[in-house]
Amino acid sequence: MGQTPSVSTTILGADEVILNMGPQHPSTHGVLRVKLKLDGEKVISSECIIGYLHRGVEKIGETRTYAQFAPYVDRTDYVAAVSNGLGYCEAVEKLLGAEAPPRARWVRTILTELQRIASHLLWLGTHALDIGAMTPVFYCFREREEILKIFEKYCGARLTTHAFRIGGLLYETYDGFEEDVKKFCHDFLSRVDEYEELLTENRIWIQRTRGVGILTADDAIAMGASGPVLRGSGVKWDIRRAFPYAAYDQFEFDIPVGENGDTYDRYLVRMQEMRQSHRIVLQAIDSIPSGPIAARIGKVLKPPPGEVYHSIEAPKGELGYYIVSDGSTQPYRLRIRPPSFVNLQVLDQMIRGLLIADVVAVIGTLDIVLGEVDR
Amino acid sequence: MPENYVPILMFGVIAFLFPVVTLWFASLLRPDSRDVGFRRKPYECGVPPEGDARGRFGVRFYIIAILFVIFDVETIFLFPWAVQYKALGLFGLVEMLVFLGILIVGYIWLYKKGALEWV
Amino acid sequence: MADEQQKKPEQKPAPTPAGEQKAAPPKPPARPVPPKPEPLDNELIRRLRARFSEAIGEATLDRKQAIVVVQPSRFLDVCDYLRTEEKFDFLTDLTAVDWYGREKRFDLILNLYSFSHNQRLRLKVPLGEDTHCPSVTGLWGTANWLERECFDMFGIVFDGHPDLRRILLPDGWKGHPLRKDYDILQQDVAWVKENLGIESGQ
Amino acid sequence: MTTLLEILDQPLVLALIRVLIVFTALSLIVAYLVYAERKILAHIQVRLGPMRVGPHGLLQPIADGLKLLLKEDIIPEGADRAVFWLAPAITVLASFTAFSLIPFADNFYVTDVNVGLLFVIAISSLGVLGIILGGWASNSHYPLLGALRSTAQLVSYEVALSFALISAILLAGTLSMNGIVKAQLQQGVWFAFMQPVAFFILFVAAIAETNRNPFDLPEAESELVAGFHTEYSGFRFSLFFLAEYAAMVLVSSIAVTLFLGGWLRPFPNVEWLGFLRFAPVVVFGAAGTWCFLRFFRFPTGREWFWQRLMLFALGAGAAAAALGLLYPPVLVASQGAFWFLAKVFLFLYAFIWFRGTFPRYRFDQLMRLGWHFMIPLAIVNVIFCGVGLVLSWELGWNRSLSLLLASGATLLVAAWLARERS
Amino acid sequence: MVPTWHYLALAAALFTVGVIGVLTRRNIIIIFMSLELILNAVNINLIAFARHWGSVDGHIFAIFIITVAAAEAAVGLGILIAFFRNRDTVNADEIDLLKW
Amino acid sequence: MTFYEVTFYVLAVVALLSAILVITCRNPVHSAIFLVLTLLSVALIFLQLQAEFMAAVQIIVYIGGIMVLFLFVIMLVNLDVAVRQAPYNRQRWIAGFAALVLLAEFTLFIYQGRDWAKLPPAAAEAVQPNTELIGRALFQNYILPFEVASLLLLVAMVGAVLMAKQR
């Protein structure tokens, strides 16, 4: 996409220079392009240029039936496809007035929490890689692989899973599902300790992240940040608690929050979240109710006219679906409220006055996925 | 005495010729470069670069270079001292202390002035 | 009033231990009752109506979610009031719906959330094709990119926006894709050339 | 035959032969250092590393070299062609040539001059030019920024490095590289034990000088893409790459020569440990034996033919080497080279290990560490070392004791400086 | 053995080249480089004489000259940087103000 | 001619040619590269004159330090403007003339001193071991200049930093 540069090379001060970071940059996590105005290596201001991955998903939604559209949401945040699917299916269910049966909700919760762990693992690996620690990424992928194997066994796909269907599940859990999940859970906490051993107390890691990219709670709220970014700033808010969905109201878990809103806090928050997810999965796996796995909603979905907004706590923040129905088989309007997009907006504010190296750290700590930013 | 240096020169020449010869040799082996599309554009993360890259970068780099030159010269004075240290003894130590002391004063001044701060 | 805020869900069935009902074949539950929007009248709406009388239009509860229609004339005041007085300090989402053929063609949708009350509120602002809408960037920083996206996709112009440019599409793009009269089936080679300025590879 | 021997006896011809031996060995070591790094990192990171080319990927460096030779040669638009071409050559020159002054064994070095260490510093300081010219010639933002960073980093830590070297020279009293090793033989102790702080400074500065993690900012791929050689591809890139690894070997060699006794075996003055000089023979012999044992247990069959052949050849080579090493002059050279390389590899392993373990410093933190901690500490260390030596001469104190006292005082200063930093 | 005056001749030639550079070039940076040439020419003389008389005093002088050269380069280029930031030029003939 | 004589003449020619290129190149970076070449040749000439310590110092300080400083400055200032402008100033003919006069003077002096210059030079080993002799001379005969050098460096450091830091 040949976007013409919009900020012309204005007359710069003696030490100012414009540096273009992305879209082909090793650490902008995809095709993000950040235009940095630098004073030496210090960032004066920045501008995000996005849209390189824009595929018009919302427009596509208007020309597909509800069921046909479900695989598309997997491709927005492609590292947390299960979560996307959960949000979409629940939104449509709400639009229909239907509700998935308990067993489906339990399985959904387990898979979504596993997906959250997988997403955070990917984040941790790449974030550490951005800050120059190259080993955690391999450890993280080792555990992520286990999760993806469970997904693969469950629905045949690893990345863009399309695991859930509107109204519940398509597949019953496979034989040994519970054992696989338990086996994963058994090792997982010690593995998280392993990552933390490499990073949490590491002087260089602390120097690189503490006090970097500070976002105050007020700013975070004003800028609409959600998910770990918001919680890292000390706002104890989690949609799983605020508006419980799936089966989250049945489980005990803590909402980790940070204190200073810096990169280190967001790191700690996500590390804690992985432990909490592990806790939820352990509770859920022991109490999966039996029963049907799908609600009776009919083959042709024709939700009555009206609209619904439903959001879930995706790994990256509040993932919302706003669907307007005109009574036909296709959504009249389908809006995806992408957490990455809104969180990315905070970047400029966070990196002003920092150095180029911090830009990378801050982009990493926001945990964006460009597929979701651009949709 | 200078004949001891000839092997260094030889080594240098060989080390310098190694890239030259290999590059020339490689140019015989490899297929011709096809200059199509954007492949010869400077890397700017996938977008056409704006302005001239040989632009201006922070003056801090320059201060580092200045300080380096100064300290480089200082170490040059230290080498003969270190070699002759046994012969010079206490007197040499005092001399060097005065010498270093003056520069340490400068160093403290730099420190207070903030010239050693990067940002 | 939005009623999603029950933290203790009473109506949820208690989890039945696995295996207890294994013998019984899974029976699909009954077909759901289609939800119907119903008019909404609660304290908040009454306060709003008292303060902004005619600017507050219809208020409905659709799928248990509160929706209030606000006229663009006093839209900014309403937002300001909601943010400062009613503590809707979090702008979750800002988007639009194109009701092609309607007199006031667009609905601007604002999804508000209040941390202190844990409740959501949806504002709907009907806008004509040429009506400009005041920007809420001054109230919620979030609105910046969201309004840009709205402008990009629908062509709604936000007055007072600091930097209203296209955000997802290239600057030279023609048309606003999420409008209903934007035909996505005409993307042939000529179209690509016109819009993107590149030779299509198709 | 006599003529050939006569030709070989010419000092220049002899020197040339030595130069060629060192150059070739160095190139091989560098190539296999890359392989070793990939393997070690892979094992740190629970993966296998190169496995495809040859057994355990042993031929990978050769395959890489061939690939890089055959790659397209791209010179970016607007680049200064001559300078673009010159820069990698300078870098290679700088990091290879200094090896002509490193003593690998008592009787094996290319040359030994009076001011050897100064020349090592001088030659390796030319490398900065290659980096800065390479970054400039590319006519691109990232390389330029990378080059400036790189240069600033190199020159900053060069100051600390020079001061650390001066501490060693204070002990040795000579600038000749072989002289420094012999001084350690004479004093019966490696200088690392007399000057631990200087050794530590040298070690840290060495990591910074070679752009290794956690100081690998000049080519921090997550920020500056690839630093000063972003625009370099194909063989030109590999020249920078080679030079970088050669520089790793070089700084390790300097550190080993100055602080770890160079080619001396451990405890060089303890007579009864003299059997250690047969270490290379034992190692090669053991390797040969192992190869033969494996050879006989190896599955026979056509598909294993080449592997068996290779194993046999390796075993035969090792055994022959073990026998050849028993020839006295060769034994002296080989045992020196053996201990020297063993120590160098210890260093190199640490380099690789750090790369697998540490995150990367930020540039300002790196500079602050350099200018606020390392350089003052290095200066203070030189002063205290001098004071300690004078104490031992003038007051007749025990030399080791006074030096240890000096180191203790330096450590106090270090603690104070560290407090200042945080 | 190379006669000493050959070194002197080389030094003289280098010196002259440096002087020409200083006098004719507009770019201050190149003028500074020409100054370095001049200083080097002097150093050659000093070392050549030291060799001729078999004493290291010439070397000492040369070291001091190199020290001076380093100081000169540091300060001179510092001034140049300051000048460039104010006037955006590196041309010697545009430095015609006594104060800016 | 012996090997060492050949070395000298080759180095002299290289030094002179690259010196001429230093002052004629339009691009300051090229000038700097040629200056490096000149300095390197001069360093080798020092080596050939038994001044090994000086040769090393020349490389370390000049090439490794001062030239890096030059290159930094070239990169800090906008180069393209300088390249496009006329490289020489208006006084080039006067300057050329002055230089010729200077050269003539040098020739005259060297010619006059030819007899003296024919005196046998000292033994080759007179200045060996180089570093040790320099150390002794520097720290015994030239104490004052040595300490003054430290002051000079201090002043240079302060001056340069002040100059570059001012806004």
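Note that the chains are named A, B, C, D, E and F in the order they appear, and that numbering of residues resets to 1 at the start of each chain.
One rule holds for everything that comes next: a contact is a pair of C-beta atoms (placed from the backbone, for glycine too) under 8 Å apart; a residue touches a chain by one contact, two chains touch by 3 or more.
Remember, it's a predicted structure, so these values are computed and weren't measured experimentally.
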Touching chain D and chain F alike are B
In terms of C-beta pairs in contact, which of A-D and A-C ranks higher? A-C
Relative to chain D, which chain's C-alpha centre is the most remote? C
Quick one: chain A and chain E, Cα centre-to-centre, how many Å? 62
Quick one: chain B and chain E, Cα centre-to-centre, how many Å? 20
Intercentroid distance (Cα basis), chain E paired with chain D, Å: 36
In whole angstrom, what separates the CA-based centres of chain C and chain E? 72
Tell me, which residues of chain E touch at least two other chains? 63, 66-67, 70-71, 73-74, 77-78, 81, 84-85, 88
Shared-interface residues of chain A (touching two or more other chains) are 3, 14, 17, 20, 25, 41, 355
Contacts from chain E onto chain F in the complex sit at residues 1-10, 12-21, 23-27, 29-30, 32-34, 36-37, 40, 43-44, 47-48, 50-57, 59-60, 62-64, 66-75, 77-82, 84-85, 88-93
Help me check something: in the complex, which residues belonging to chain B touch chain D? 1, 3-8, 10-12, 14-16, 18-20, 22-23, 25-27, 29-31, 33-34, 39-45, 49, 52-55, 57, 61, 64-65, 67-68, 71-72, 75, 78-79, 82-83, 85-86, 89-90, 93, 96-97, 100, 104, 107, 111, 116-119
Within the complex, chain D is touched by chain F residues 27, 29-30, 33, 36, 52-53, 55-57, 59-60, 63-65, 67-68, 71-72, 75, 128-131
Please name which positions on chain F make contact with chain E in the complex. 4-5, 8-9, 12, 15-16, 19-20, 22-23, 25, 28, 31-32, 35, 38-39, 42, 45-46, 48-51, 53-54, 57-58, 61-62, 65-66, 69-70, 73-74, 76-78, 81-82, 85-92, 94-96, 98-99, 102-103, 106-107, 110, 113-114, 117-119, 121-123, 126-127, 130, 133-134, 137-138, 141-142, 145, 149, 152-153, 155-157, 159-164, 166-167
Chain B-touching residues of chain D, taken from the complex the two chains share: 11-12, 15-16, 18-20, 22-23, 69-79, 85, 88-89, 92-93, 96-97, 99-101, 110-114, 118-119, 123, 136, 138-145, 148, 151-152, 155-156, 158-159, 162-163, 166, 169-170, 173-175, 225, 230-231, 234-236, 239, 363-364, 367-368, 371-372, 375-376, 379, 382-383, 386-387, 389-390, 393-394
